[in-house]
Structure formats: C-alpha cells, structure tokens
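Working notes for the structure below.
Chain naming follows the written order as A, B, C, D and E, and within any one chain the residues start at number 1.
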C-alpha cells in the first residue's frame, strides 16, 4: 500500500498546485509550508473532493484519479481518513454520532460500532461529551472529535490537516504521543500537515516542504534543519539562510565576505548559520574565528530561557544567547557589538 | 479605560463559567487554559453575543452588561474588537470588504476606509488576496483576515481568541512581533487567548489560567512558570508538580520523601521540580544532592536538541537531558537509573 | 374609481355564461353610442352578487338566475325589481361524435356511463335536476361541476359521456360538443335577469344600457346566440 | 444580587423591521377579521355538522397529505438534481417545474385532462390497457393537487441546497458514506428548516387547491369533493355555509401547522 | 499527457434520486404535452394579437412585480421577526401568515372584500374619509395578488433564516454594524438563494392568481383583468384562445424565470 501522487490542480484560476509525493506503507510524511501554500488543496485532491486537472493519484494498486484515463474514484470508495483543517463536524449530530459516523456508514455491526466509539471517546477524553451536539463544542473539543472521527475508521491512507492546531498545550503533548503510537501501528501511508516544526520532526519520517504550490525541499528532519534550501525553511528551522557567491573558500553575501570551511565549492550558494553558532562580544575578539565583524542590535526578544538578538548591517542575522550573557554584556537595543562565527559553523550548499 | 468583569454564564446547562478579571488600560492579559475551559465563552460574553446570567461587565465607566440592573449594551455599541476562534469571516465578501467591514459600518469616509484597509492588508501580507472571496481562503489566510478585520477598527477593548493558531511558524513569529508592537500602542485593555505558553509569556503582562470555568491562577509569566498551582499549569510550564505534605524541611509525596530547602513550611504543599534540575546517573551518585533515588525510564522523547525522559516509581517525573547524555549513559527504555535533585532546586508552596 | 370620465364608462357585471353574447352586445352598444365605453365584469353570478353587496362600483348586473338577483333587490341596491331579459333552454351535451351513443335523458341513469351535472345551488345544476325529475330519471352522477364551463370542458375532452348544459353553450362550443335536444315536456327554461345598480357611478349610462339590452336590437343579438327572448 | 432567570440571547430587529412586520401582520389580519365579522356564529355548528363537510374533510386530509408525501419523495430528489448537477437543459427542467405555478389552476387541470384523462395523450393508452380512469376518483384529486403544489417544495429545497455548504457532504463521503447515506444523514438534517418550510407550503397549497382539482377530478361528494370545492359550491348557494367552511379550513390548518411547526422546528 | 479542460467537481446523485427526479420531470412534462397537443398552432398569432391580451399582459406584469416588491419589503422583516424573536403569540402570527395559503383563493378574495371593500370593516371608514375604493382598480389587483402570494416569501425566508448560522450576525455586530447594516450586508447575502427562491415562488403564484383577484378586484378588461382572468373569460367564449393564452403565460414566465434565475444564482 504505497501512495504515489503526481498532480496538477488549479484552484479558482489564481492558484495552481503542482506536486509529486510518494509515501510508503507505514511511513509518515509531513507536509510543511506557509499559509496558502496548497496543503489543504492537496488533501482535498487526495480525498477526492477536488478532482485533479492533470496527473495521477495511485494508492496501492488502485488508481484513484487520472483524468487522462478518465478514472475518478469517488471519495466514499477511497478509504481515506481525513481530519479537515476546519473539522467539518456534523453540527446536528452528537459527538458520539460524529465519531461513529464512518463505521455506521460502512454498515458495521451496531454493537461493534458502539464499542469502538466508546474506546475512541475514552482515548481522546471525550466520553463526558458523548451526547453533546457537535455544534456546541469548544474549538479544541471539536478538533478532538474530528481526529477521533477520522482515526476510528481504519482507512488505508490517513490525511491529517493540522490535527492539533486548536488543542491546548498539554493535550497536544499527550496527543502527540498517542498519535505517534497510533501512527506507528497504522499500516498505510499517512500525510501530516502541520505548522509546528516540532510536531513534524517528532512524528514524521520524511518532511516535504511546500511553498506556493511547489515542493521546495524533501528530506529527513535533519536534512531540513541543517541544510534548509529556502528562506522559509531556514526561518522554520531557526537557521539564518544567506544567499551568496562562493569561490575558493570565501562566500560573498552582498558586500560582506564570509570565510567558509568548504574551499571546493563555487558559484551561487546557500549559506546557513545557526543562531547559536554566533558569538557576541563588546570588543573585537581575539582567537580562532575567522569571521568577525561589527554590527548593531536591532531587536531583542526573550523566549523563556533564551534571548534572540536580531542584528543589522552588514548581515541581518538572528543570534541566540542566554539571558545571563545579555546581562553580562549589558546588551540592549542599539548596542554596538562584535559578532564572530567559525568558518566550520557555516554550512554551504549549491543554491 | 479599565475592563472590570465579574460574571457567571452558563452554557447549555452543562457548563458554567464563573470568573472575575480586571484589565487595566494598556495592559495585556492572557487567558490560558485547557480545551473547553470556557475561554471562548468569556469572549462571547464580553463581546455581547452571550448575555451573562449574573454579575457585571464594566468597561471604563460604562456598564456593558448587568442583568441585576437590567443593563445590556448590544454588541454593535460596545466598541470591542474580536478575533473569533473560528474567524466568522463573511464568505460572500472579498478579503478587502471583510477588513473594511467595521469601518464602513461605522460610516467612515470611503477614502479613509480604503486607505486604512490597504495599510492593514499590506501589514498582514494580504494585499495580493484583496479581491479574493473570503470563502476561498486557506485556513491561515482566513485567520490573518480575521485579525486585520478586528484590529483595523481601533476598538476600546481587544479580544483575541487564539489569533495565531492557524498561522505557519514563520508568519507566527513575525506576527507575534507585529502584534506585540500593535498591542503596545493600543491604549485599551486587551485579552489574549492562546494555547501557546510562549505567546502568552511574550505578549502578556499578566496571565490568567482558567480551568473548568474557574480562574485557577493569576500572575506574571514567572509566577506561572516557577510556582504553578495545578497540574495543568505545571505541565504547561514544563515543570513537574507534586502534591505532598511538608514538615521541617521534608516533603512526603506518596511514600517518597524529598528534602527541600524551605524548612519553615508545613502542611499540604505543592512542590515543583524543573525537568532540567534533575540529574541522571547510572550509578549511585556521590556529592551534594540530598535527594537521590533509583527508578526506571518509561519513556524517551526526542525534542530537537533535548531529550525528555519520563521516569516511573516512586515519583513520576519528567527529566530533560541532552542527546549527548543519552548516548554517554546508554539510556534506553527500561534502563535503571539514579536520579538526583538538589534540595534548593525544589520549589515549595502552600497547596 | 372616482375619475372624471366616469360618465363615459358603464360597468356591467354579467354572469360568465352570458360572456359571449355580452361581448357582442358591448360592441353593438359602443357602436351606437360613440364615446361610451362598456366594461364587462364576467364571473359566476354568485360572485358578482357578493361583489355588489360589498359595494363594488358596478352599474349593471346581468344574472343567470332570478334567485341570485333577489338579494340585490332585497338590499335596495337596484331601483325597482329586476327584469327578465332572456331565457335559455337546456340541452344534453355529448362529446363530438357521441362516442357513448347517448340517445336521451334515460341514458343518464346508466351507471356504466360517466355523467356530469352542474352542482346543486348552481343555476344550471338546479335546472338540470328539474329536468331529470320531470323525465323521471335518477341520474348516476359522477361529478357535480361548479359551473357550466367546467362541465363543458370535461365533455369536450371526452372525459364525460354526457351532461346537461344550456342550449346556448352547445351552440357556442362550435361543434366541439354535440347537443341533443331535451323534449319540451321535460325541459325547463333558465331566466336571465338584468338590473341597474343605483349605487353605481353611472346611473344614466346604466339605464341606457339596460334599455338597449331590452330593445329589439338587443333582443335580436340574444336570439342570434340561441337565447329565447321573452 | 437577586436570583434571576437565565437570560436568553434575543436578537433585536432593526426598527424599520418592526414597523414593516407589524404592517404585514395587519395586512393578514384584516381579511380574517372581515371573515370573522361575517361569520354566522349562531348557526356555525349546524352549518358544519353535515356529511358533506365530514366527507370533504376526510378527502382533503388524505389528498393533501398524499401530495406532501409524493412531493417530498419526488420533489426532493428533483431539487437536488437541479441544485447540484450541471447538465444541459437544466434551465429547461427548472422551467418545467415552475409551469404549474404559473398556469392558472383551471388550465393546469385542463392540461392534466388532456394528458391523463380517459382520452388523453397518455391516459387513453393507459385506459385501454388497464381500464384505469384517473379523473373522478381520489387518485385524480391526488394527481391534481400534487401537480399544483409540488413546485413549492422543489423550489424551497433547491434554494436551501444552494445555501448549504456542500463541503460537509464531502466530509461524510470521505468517511465512506454512500451518496444515499450522505444525503439522509447530512444533507437532509442540514436543510431541515427549509425542507419543513417547503413541506408546509406544499401542504397549504394542496389543502387550498381548487381549480385544478375540479377541472381534472370533478366534484362528487365523498369521492372527489375536497373542502375548497365544498366551499365553492356553497358560495353559490349558501354563503353562510361557505364562510363557516372556510373558517373551519383555516382553523384546522392553523392548528395542524402551529402544532407541527413548533414541534418540528424545536427539535431541529 | 494531453491538455485538458479543468474538470468541475460534479456531485453524483444517489441512484434512486435519478429515477425519482426523472419521474418528477415526466409528471410535469405530460400535462404540458397535453396542452401543446391541443394548441391551435395555426391561429396562435391571430388569437394572441388582441387588445385584450396586451392589456392583460401589462396588468399582470405590473401586479405581479408589485406583489413581489411589496412581499419582499414587508415579508422579509416579518420572516425575520418570526425566525429570530421569541415572543408571545408567535405561533399565532405564523398561523395568520399561513391563512392565505389555506383559504381557497375565492374565499380569500371575499374576505378581502369584507375587510377592504366599500362596505368593509376598514374599507367603509376609509371610503368615507378619503373616497378611496380598493376593489375594481389596479390597487385591488395588487392587494389581492399580494395577499395570496406573500406567504410564500415569508415561509421560504423564515426557513432560510433558521438554517443560517446567526453567529455571523454577531460577528458583524461586534464590528460595530448596526442592526440594519448587519441585515443588509450579512444576513441577506447569506440567505440569498433562498430569498431568490421565495421571490420566484411569490412571483409565480402572483402571475397565476385567479380566484382572489376576480373576487376582490373584479374582471374589468384593461383595469383589473389579468392574464388568468382573461383566460377565464376566453374559456367561456373561445377555448382555443384560452389555451393559446395559457401557453403564452407559461412561455413568458419561463423565459423570465430562466433568464432571471441563471443570472441571479450565478452571481451568488
């Protein structure tokens, strides 16, 4: 049971999604991307709610959609479990009826349906709400019902469109664990859409990054984290991404020159610098780093036990330091500082 | 312009929200709480969409709702900007029309409306979508429109119900900054509902935690982080929360005894231990920590460059270590380990 | 109402069974009295009566039966009594070609056939029943139609095998139905009466129109459509 | 603070609305008052306690309920097809559905006669083959009444289907629900109030239908004479009886409708 | 891979639906065929080219459009009040609104006469005070037609309002929109298709209305004789003309409706 997708779908004339993706049985692929990138569009196409314009969707040995061949399997025959981004719960039905909907539709035995429903309600702490009409749920409750409704049917493919966005932080942590366990038991391919890189890194075997309707990077969590190929991915991973020109161990970004460890590379490159790889000094530092320059702090943000500094000309870099360092160095907005980065800390890849 | 609220609202007979809250002009209060705690219910009441059963809502010197006095100011006269959890965009109107809706309703000059709308569309990178019907937006785009629609009207009170839940990670970071700036300029009180503790800690002056319709803790980010009063809050802050009995420098949790620094406290207490304050050893450690015990690893989770261990009997604790430590110690599921915590690292408060 | 040219307009409420002949009377009258506009108000006699009782601004009322006229006279809405201006005899109507081979009134007792009359209370229904009792036939009725038109529609369409209507209707139906005469002994005459309404906006015109209907010319037009003139 | 009843969220009408709505109520009230003023209250019971009335009542009840049932069974699918399928000739089909609304009922009845009567286009072969005659029977009444009233159901339901967000149907299908299950468990409940409104319109139109019925089915007490036919006949002969009957119709219908609607709508 | 047109997401009907819908279409088609078969095609033009027809056409157009306008202006607020306000006597008001549906039109016309005629409960004082007589004028036609057709609008719109999620109205209000603005910019567009359906029902009922009009307004050519009344007169004197007229009505109405609906619904 492998999902093999290569599709072109246009939406309202303005937007076109053009993507290929392959998910093996038992593999979770996360689809990560900015708002409006086309993630939900992909879900709608896979689920059969939005026929594709070109290409093919193949699940196992079944062609689900292929306009060139005139094949289109309707949604109810696709055996795909979907958590929709906006849930699409049936407001007139109770929570239990919503969860049982799929099984009942598939004509399972009423007793079996009730039993399974009870299990899932319990699993998602929804038992107390079993008889509440779905339209009377809070946002997070509704999302849990949507999850239970999709997971209970044991489909051949799972499509989860931001299945935890509305959950509170602790429920999310618990559910992330539970979902992880559930996913690892689930035999088919699964596609997880999320905005939370942690979620993607934790739950997915492979990450596909989608931007403006195109897949821009595919790889493991580490590939994405360490070798981001676009500004969006770099921001996501917390890295600084610089576009420059390399020749014999030197990368020129704008007017600034960076020394890098890789002397073989040349031409247009992507250079990445992790924010924690940058050191901050009040005086010109002595020592090994080959890259040292002077700049100004243009923003200071406190994130719990980290502080993020944004520096200005000549290189806009994000730098992470400890609160203690901020105090010790007396850093504040507008402070002049010296930054240093070891050449070995700068990742370089052909752009 | 101070918001002073003390209300009782029941919802469908099952759920009752009973809360008091006071927000000064220029202050941001975050309302943090698990799903179904009553946060959106509070928003609906403040906005005038759900009349309260008892109590009073006062904004500045205007009573907005007071059933005992028979006062009820309808929503359109309350001058409250609301971002609803599910946006409630007008699907038949374009993005620009949605954003301009409030100003147009308030009979502002068409030119001024257009100008302001353009500014806000630009600010939220929505300009390209100005003429798109709201029903054709992606989830995150819709949320940005909802934000713009609420912020443009310059209300006297802002209610933001999870205004960034659907945004992609990088937009969220940017918007968090922009929103922070906007909030600091905004003269009235503002209430921010969020599931993201970071968001709350970054944007709010005070945090109110709500659980099951009741406020369970009020305080600054540090209060909440360092002295959580309920399990939910402890989980949220990442701390371990233990309920025990203190007497002369010893806290008994179940059958286990912990030494603490505070020898004065007695009776029922809440003890908090930060996961990173716990050290992990393969042998009984030597040295200063007074609390040392043996346990087993029941779960291992990798979070980027941290690893979280869950340990079992006699104390279920979350422990955070580095991946390097995991390798060095050869930790795996079921490993027997020794844990140590310094007495000074255990926070103790009357429970 | 209330416009200045009211004297040039005469409103005539006429029973719908008088529709065709009154359209002819209207054009003849207008030809004889240039500048006068006769406006017909055609409807069931009872309906027209109700309108007049409720104060309808009508000048002349021509009814299909004296009974319908009576309440108007009783209410003093008409000066003096009403005048009978025409009579109409009844006839058996059958679909073109007479598919059921109706011979006469006796066939009305045949349960096998589909027979229709006008309903009790409707003039043609009352007359029809009188004919039946005079002929000593107990009709096997399948439908009591609320008016002649409705009855004729069904006969024309072949749904009914036979019914009793006015001779004038058979003539007006132009071969789409066939008429079978009812023997004089069994036949009855419907009396059409006319009155002018004192409350109407155009009393003068009303009188002139009623006189015209009763005049030799008017009676000739009536006779031409199969009405029997007194 | 005193103990209070929980307050109900009450929408407030724009002021013009109250005025216009009041105007509307008066407009509907006046004729009813007119009717009540003319009602022969003292003879009411004697006028209404007759075989004719009871027969007509029973027949009207049967025919109108049958019309609602048939209209729902046939009309809802038709509405669905009109609302959801793009096909060549859709405008034409919709036009066809509207025809009975536009045709004067008497002409509609005549058209039915031409089509389904003993000598009709379809009726004649039908009669020759089976001996079945629709006119002059309760079947004829049902056909006539359904013909005239079904369009109300179709149009109301079509409007509601177009108003509805069809993504919920997609969600149901993705859960494996077949088209029929989707319709029954999602679509139908979601358009509930409009369907109810459509059924009420249909029933009301059916119970008040006169022209098509009398033309197509005739008027025989106990077989085809519905209440409106009885009223019409009484109008000719006994005005008091006609008014009494009309009032009875209004009273019965309103009782039924008010009971039904409040039940129905509350449960939704 | 060949270049292709983008495919349109097509809902597929449950199979029974197709069958039932087809049945419905046939049911509506048959009588129309019956009518077409009997139509005097050769004389059609001469039959229709007369003053009577043109007068009736104009009058019908005016009266039916007026009925739709009045019904919308008065009926939408009334529907809103019925759907959104909880008040004592709501069932009664709703019942009142349904009365014209249930009353046989002729009785409805008579009731109007009793109320608004020159000797009517309200008509008499009105006449004494102003000399205004509603019956037997175009105003009478409009009143009668509106009385009979407005309930269709009210019920359809009420159903749609109940179907609608009123939280959107709350959102609009919180943005400072007054009740009227909320209604005009949020409520009305959201119930669009149902309102359209209601207006079409109203218009169709108005254009086909016969009984109440002939009773209340009379049947005066050029003054109160609408198309259905002309058909009635023609039925007495010249049946071919009646059928021709009826066909004309159907044709005109369908043209208008098809054009209108397609325009209207597409824009929504």
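Note that in this section a residue touches a chain if its C-beta (ideal position, glycine included) is under 8 Å from a C-beta of that chain, and two chains touch if they have at least 3 such contacts.
Computed from a prediction, not measured in an experiment: that's the story for all the values here.
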item	value
Pair of chains joined by the greatest number of C-beta pairs in contact	D-E
Greatest separation from chain A - chain, by CA centre	C
Distance from the mean Cα position of chain B to that of chain A, given in whole angstrom	22
Intercentroid distance (Cα basis), chain C paired with chain A, Å	86
Where chain A and chain E are represented by their mean Cα positions, the distance between them in whole Å	55
For chain D, residues that touch 2 or more chains besides their own	8, 12, 106, 110, 113-114, 120, 178-179, 190, 192, 232, 235, 268
For chain B, residues contacting two or more additional chains	49, 74
Residues of chain C engaged with two or more neighbouring chains	47, 50, 153
Contacting residues of chain C [partner chain D, same complex]	44-47, 50, 95, 114, 116, 119-122, 141-146, 150, 153-154, 157-159
Of chain D, residues touching chain E in the complex	8, 10-18, 20-21, 23-25, 27-35, 37-38, 73-75, 77-78, 80-81, 84-86, 91-108, 110-116, 120-122, 146-147, 150-152, 154-156, 158-160, 162-164, 166, 169, 178-180, 183, 190-198, 200-201, 204-205, 207-208, 210-211, 227-228, 231-232, 235, 242-243, 246, 249-250, 253-254, 257-258, 261-262, 265, 268
Chain E partner contacts - residues on chain B that touch it in the complex	44, 47-49, 74-76, 78-82, 84, 88, 90, 92-93, 101-102, 105-106, 149-150, 153
Residues on chain E engaged by chain B in the complex (per definition of touch)	167-168, 170-179, 181-182, 185-186, 189-190, 192, 268
Residue ranges of chain E in contact with chain C within the complex	106, 110, 113-114, 117-120, 123-124, 127, 131, 133, 135-137, 214-215, 218-223, 232-233, 235-237, 239
